[in-house]
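So that you can tell them apart, the chains are marked A, B, C, D, E and F in the order they are listed, and the count of residues begins at 1 in each.
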Amino acid sequence: MFFHTGELQYHSKPDSPDPVFAKKVQELIGGQFGEMSVAMQYLFQGWSTRGNEKYRDLLMDTGTQELGHIELLATMVARLLEGAPVYEQEKAAKDPIIGAIMGGMNPQHAIVHGLGASPKDSNGVPWNAGYIVASGNLLADFRANVNAESQGRLQVARLYSMTDDRGVKDLFSFLIARDTMHQNQWLAAIKDLEAKEGPIVPSTIPPEWEATEFSHILYTNPETSTASQLPWASGPAPDGHPITVEKPAPLSGRPILKPAPPEAHNTLPAEDMK
Amino acid sequence: MFFHTGELQYHSKPDSPDPVFAKKVQELIGGQFGEMSVAMQYLFQGWSTRGNEKYRDLLMDTGTQELGHIELLATMVARLLEGAPVYEQEKAAKDPIIGAIMGGMNPQHAIVHGLGASPKDSNGVPWNAGYIVASGNLLADFRANVNAESQGRLQVARLYSMTDDRGVKDLFSFLIARDTMHQNQWLAAIKDLEAKEGPIVPSTIPPEWEATEFSHILYTNPETSTASQLPWASGPAPDGHPITVEKPAPLSGRPILKPAPPEAHNTLPAEDMK
Amino acid sequence: MFFHTGELQYHSKPDSPDPVFAKKVQELIGGQFGEMSVAMQYLFQGWSTRGNEKYRDLLMDTGTQELGHIELLATMVARLLEGAPVYEQEKAAKDPIIGAIMGGMNPQHAIVHGLGASPKDSNGVPWNAGYIVASGNLLADFRANVNAESQGRLQVARLYSMTDDRGVKDLFSFLIARDTMHQNQWLAAIKDLEAKEGPIVPSTIPPEWEATEFSHILYTNPETSTASQLPWASGPAPDGHPITVEKPAPLSGRPILKPAPPEAHNTLPAEDMK
Amino acid sequence: MFFHTGELQYHSKPDSPDPVFAKKVQELIGGQFGEMSVAMQYLFQGWSTRGNEKYRDLLMDTGTQELGHIELLATMVARLLEGAPVYEQEKAAKDPIIGAIMGGMNPQHAIVHGLGASPKDSNGVPWNAGYIVASGNLLADFRANVNAESQGRLQVARLYSMTDDRGVKDLFSFLIARDTMHQNQWLAAIKDLEAKEGPIVPSTIPPEWEATEFSHILYTNPETSTASQLPWASGPAPDGHPITVEKPAPLSGRPILKPAPPEAHNTLPAEDMK
Amino acid sequence: MFFHTGELQYHSKPDSPDPVFAKKVQELIGGQFGEMSVAMQYLFQGWSTRGNEKYRDLLMDTGTQELGHIELLATMVARLLEGAPVYEQEKAAKDPIIGAIMGGMNPQHAIVHGLGASPKDSNGVPWNAGYIVASGNLLADFRANVNAESQGRLQVARLYSMTDDRGVKDLFSFLIARDTMHQNQWLAAIKDLEAKEGPIVPSTIPPEWEATEFSHILYTNPETSTASQLPWASGPAPDGHPITVEKPAPLSGRPILKPAPPEAHNTLPAEDMK
Amino acid sequence: MFFHTGELQYHSKPDSPDPVFAKKVQELIGGQFGEMSVAMQYLFQGWSTRGNEKYRDLLMDTGTQELGHIELLATMVARLLEGAPVYEQEKAAKDPIIGAIMGGMNPQHAIVHGLGASPKDSNGVPWNAGYIVASGNLLADFRANVNAESQGRLQVARLYSMTDDRGVKDLFSFLIARDTMHQNQWLAAIKDLEAKEGPIVPSTIPPEWEATEFSHILYTNPETSTASQLPWASGPAPDGHPITVEKPAPLSGRPILKPAPPEAHNTLPAEDMK
């Protein structure tokens, strides 16, 4: 169960309005790796965790904090939109500096949201649940999580150079720090699980299900690719087995599909195929 | 540049038709972690790689193989649909066993694709590029890649128990093996890059951009959560700094947004807010 | 800022597993009017509220509770999937009763989520933020909210007849009750705002912006439609003005668009159009 | 059955080209509450109406008019794109005023549509049927309709300030007027149905299906939220029952999910969970 | 401007309820080539037509009829859902024949739409405007149109074998006939335009924009592909030029991208790339 | 099975950076008719081809080349983004010329992709598989293919005028040429199949399935439409039958749907409907 208090987890107040930057900040709210993604990803993983209560709690704790990060960024967007002449864009267009600024804002901030944040990315594409991962296998999912925190911290870092506003940078410094912690925690959790299960997910596949003769071949053609020169390509794989290098080549023949039944109304077979 | 030959990389021939299972196999083609995702993810990462030619080549080699895996699975789906009475579903419904089988197939296999594979997942949702990741930061992206291969191998493992068909299982044993190799290679590549850059992505953020006092706090309330009991929570973080545990609490006050301008036609402020 | 505690807001435990019903319950999680929609809708409305703190707090309070409702339903789905032979569907298909049950489940519950809930609707379509509304105008948005609660309560009512499970019905009885309250609260809030602003949103449009001669015409042709016989069609409109009935007819001529410039490479104008 | 005549329902001719404003007008065509949404929403509601022929006719009449409104706006967009140097954007970029204008247009108007309107919103996101509502319950759906007309009129009002073009404003004055009528008609219809059924949708739920002890509680914590101070919070609810205020608190315990079967290949339970 | 009359263009009444077939019929309403697609495609093409009034009228006439076809199919779906025990699915599941039938229906028909049609395809994926084409070039668009009518007629043909219901078949016989006419009309229009412009769209590209040395090469490798044996491959192309066959080979070298600036926080170049 | 070599099929190097044009080029990568669409469309058609090996090979050959075209365009986008001040947009905004340029770029190129190409269209909407067609009927699909190549060549032609960069134009001249060939090849293939099957798809519908009395009527009202004046409207149709012109009129009555069962909780029938 969830509770809310009106105070913010951290400061979220820009020095000045900047509707063009507000558009860009949307990536951190409703983008593929925005805060909506990490919040929902961790909560759905937590709700599905079976038999690992401490990790369930870690997921719920972290997901709940990410809800607060959406709040921080939604507040930032709302304030970046305050006090700018967003409803006078046509007039502004006659002044090229204002025009350039206005031309780059998200029109939905003015038309649809009345100066509020949008649950969409920096191009106005709605957030969707196809972005998130909750598989029931914690090692797999923690790898998704460390990726999400890596992509997220990278995006904040890029946006940091794209503004001079001290208030915005203050919030970003907090998000960068929290993403450091979250990368750390998922990396620690991965190490914990890999120590128990080994590095290959899932660890529970019986050997007879796997065509192990193909499990450690790096398919690459040295005539067209330099991949086999990567230093680790000649050493043992992370799971301890030696890696071999082979040129890719077909192991089976041409597939010939049978003609479809008449009810499919497909093209009839060519004369020479009958 | 790409080339194609008609032979398949591996065998892909079921013993018997099974249109219900064909629906499920679609997850491996057009699902979030299906072969379309890994193929496109690796190719887009490769096309964007700057200054790391060996990794560029590894990405292109692997993405190209994944194209061949779409081919294997599309062929399998086409053959699972061969010879089953898919256009007589209404008649079949009178025989409950056939009816149960027919009721569970993907109607688009019959109506839209004429017994061919679909670029969609096991529920018929079209694949979309919002699933894939290509950030320009290889360590971040290789984490995405090892996640994708973990989720993919997990899904094949689950499907393996859901069929008795030896031909299907033969193909799955190959895919399981290749996902083992691909997890290995991305894990090796991650180790290589972490050795150079350290574990926190991106490694290039100047310290003064980060509010480092928040970089190693595990926010969790021991009264409501057991997360702080995780073994690694009391040790140093993967980046070497000590982790501290704190109860989450607001660090800022309630945000009060300014009223919108009249042109927004938002609700006017309440009397007591003026 | 948000907090979470491990206890549930209400009981969520079915008497028996039922993977087919689990698929249907997904509509209440990730459907257009599922709990993800109301949670996110109220939170985004709250974060954008300017100058109406009590309504901001009402939105945040209610959105936070809806997060707990996602949790209740995700738990219910996870438990409906427990203990059913979902990974033996092929074998089960030979027993028609089990086959019928198995054929109707969501394959992603088994393949993708490992018996956990999915952030998608009852057909497996991912939730997306295009479902939600946050305009900055509270009267408009509260109308969206009372609609969402009406659709939501309606869907729970329909699902109530589709199961015999007492544990499921117990949870549904709670959700029905909460949707009663939420309809009540948004209706009360609407009455409050309409008393101040009148019924037509937005109330702030200057009269000279409106072609008022068209503001109270019911366009309907009594020769083809019975709409003009509706009892209110002859009385005053809710805003107090009399309604008149007119047959629809064009008020302007045929639009003739100018040919496109050559750079558009559009079809050239027909001879008789030059 | 439908008929079309070449004349327009109203004038739709701007004084001057303005490709940047054309991009914004797209919100009224293909946005969440654009004319495609109301047209399709009313038609699908009409086609599903059972036993209420006058309302069916009202829905079909109104939906048909909204088709004509798409036509008005598509014509406006086509004309706003006429005569502007949209295919010389690169050259234009050297003149900052033209550059600012050109930089803000929708590139698909030039590249994809050859100066025609697009079935997408102001950010270029395609319209989709996930926006619309047709439940079979007219009171629920009329609430969706009055919301749609409220959001629609609000968006036109915001766009009205964002242009100086008299031709555009003339069309907008007509759309504002029609949205007034449509809000009026759905409000009148709601009043009609509420008089028969009462305010809570659906009215047909048997009392024993509802945990009525939770039907009139406003969950809010006066220590963190001002919502309980709303004037109506102390009066009777719209359905006549008294409202009580309670602090939110869990009514159930922590859910413990059972471990998944081996075929799920989920993470194994932790030692202390076995 | 549009008009509507309550009568249907054709009969649309099944002999018996069949909720499983209702799910399949949805493909013809909201699928990629369903009636929503052709209606919206023709209308948007019509609204953008410049300087070709007769084709504009043909597009508007045909689009308007397609609106009536959505109506026919929505009515059919509503009637296929009438009188079936769709709200007793759980009980029905105990009778395997009923269970098989019920398990195959679209759950949203019962839960979301209250026995009405849905604006979605046969898997429940919402229709979206990314399906439609309106380019401003009539020859290009008429090719899209003849494709749409070909796919549509093919899908009806496939569904025709999947039912025994005479009422359904009567409606399908009408739709098959209309799709014959529509293929005929777009083929005739294409012939008309090709006679004026030639077969290659757009006909207005100046020769110096085209690397004509590549305009008639069939790239295919006779060692791996039989494509060069197609009868037309040795004749002149439809535009009159001779076709030549060549093995595909690169015409340029390896692209080496420059490193990204530090603000991108991309992976640094490898040692051997500096 | 697929192979890749590092060399490009053609040159892809702009003379100068141009991030605004990079945004527009995205349409050719991830738009409805971008290279991702044609590549995936041809490959899925090829994988489903039954009994027509030469056409299967043609599809695989052409799809494989289109993969190389994605590569060309992804390389072009990556290079158009090189060396431009994309991370200094805020500073740049003070210089109106740079500001206009920067305001028009895709923010995700800087924030998400680190100067790499995106699998999305020119507005940032992700590519999705709902764009592609693979029906199993080759004549239908080749019509889809000639449309795709027509739309694609049209879009390149429009972009050609929108840049002065010789390197970009060089690549476009190659793409224009290849689209000429691909239109030619699909037109030749269509001619081949039409010669065998006739022009109406599918050719295999038995005459008794078709209400042939409606197969050659052009429904158009000469009072409101000029469509009947099209030259071909008075001649025989492409399938050889005479065309007749009729005014559209209903052939059936008003549909009256039965009330829903109580479990639907739909609106009850009006008094006069009982």
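Just so we're on the same page, a contact is a pair of C-beta atoms (placed from the backbone, for glycine too) under 8 Å apart; a residue touches a chain by one contact, two chains touch by 3 or more.
Here is each chain with its UniProt name: A, B, C, D, E, F = Putative manganese catalase.
Since the structure is predicted, the reported quantities are computational estimates derived from the model, not experimental observations.
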Shortest path length from chain A (Putative manganese catalase) to chain D (Putative manganese catalase) (each step joins two touching chains): 1
Chains touching both chain B (Putative manganese catalase) and chain F (Putative manganese catalase), listed by label: A, C, D, E
Interface numbering overlap (same over half, different under half) for chain A (Putative manganese catalase) and chain F (Putative manganese catalase): different
Chain pair with more C-beta contacts, C-E versus A-E: C-E
Relative to chain E (Putative manganese catalase), chain with the most remote C-alpha centre: A
Separation of mean Cα positions, chain C (Putative manganese catalase) and chain B (Putative manganese catalase) [Å, integer]: 28
Centroid distance [mean C-alpha coordinates] between chain F (Putative manganese catalase) and chain C (Putative manganese catalase), Å: 31
Intercentroid distance (Cα basis), chain B (Putative manganese catalase) paired with chain A (Putative manganese catalase), Å: 10
Residues within chain D (Putative manganese catalase) bordering two or more other chains: 1, 3-9, 32, 48, 50, 53-55, 57, 60-61, 64-65, 75, 78, 87-88, 96, 99-100, 103-104, 110, 112, 114-115, 120, 123-126, 128, 130, 135-137, 139, 154, 157-158, 161, 202, 204-205, 221, 225, 248, 250, 257-258, 260, 263-266
Pairwise touch network: line, ring, star, complete, or other: complete
Residue ranges of chain F (Putative manganese catalase) touching chain C (Putative manganese catalase) (in the complex, touch as defined): 154, 157-158, 161, 263-265
In the complex with chain D (Putative manganese catalase), residue positions of chain F (Putative manganese catalase) that touch it: 18, 20-21, 23-24, 27, 31-32, 96-97, 99-101, 103-104, 121-125, 154-155, 158-159, 161-164, 221, 224-225, 248, 250, 256-260, 262, 264-270, 273-274
Touching residues on chain C (Putative manganese catalase), where the partner in the complex is chain B (Putative manganese catalase): 1, 3-6, 48-55, 87-91, 93-94, 96, 99-100, 102-104, 106-108, 110-112, 114, 120, 123-126, 135-139, 193, 197, 202, 204-205
Chain F (Putative manganese catalase) - residues contacting chain E (Putative manganese catalase), complex: 5-13, 32, 53-55, 57-58, 60-61, 64-65, 75, 78-79, 82-83, 87-88, 110, 114-115, 125, 128, 130-131, 133, 135, 137, 139-140, 143-144, 146-147, 150-151, 153-154, 157, 160, 169-170, 172-174, 176-178, 180-181, 183-185, 187-189, 191-192, 199-202, 204-205, 209-221, 225-227, 229-233, 235, 237-239, 241, 243, 248, 250-255, 257-258, 260-261, 263-266
List of chain C (Putative manganese catalase) residues in touch with chain A (Putative manganese catalase) within their complex: 1-9, 30, 36, 40, 43-44, 47-48, 50, 57, 60-61, 63-65, 67-68, 70-71, 74-75, 78, 112-120, 126-130, 132, 134-137
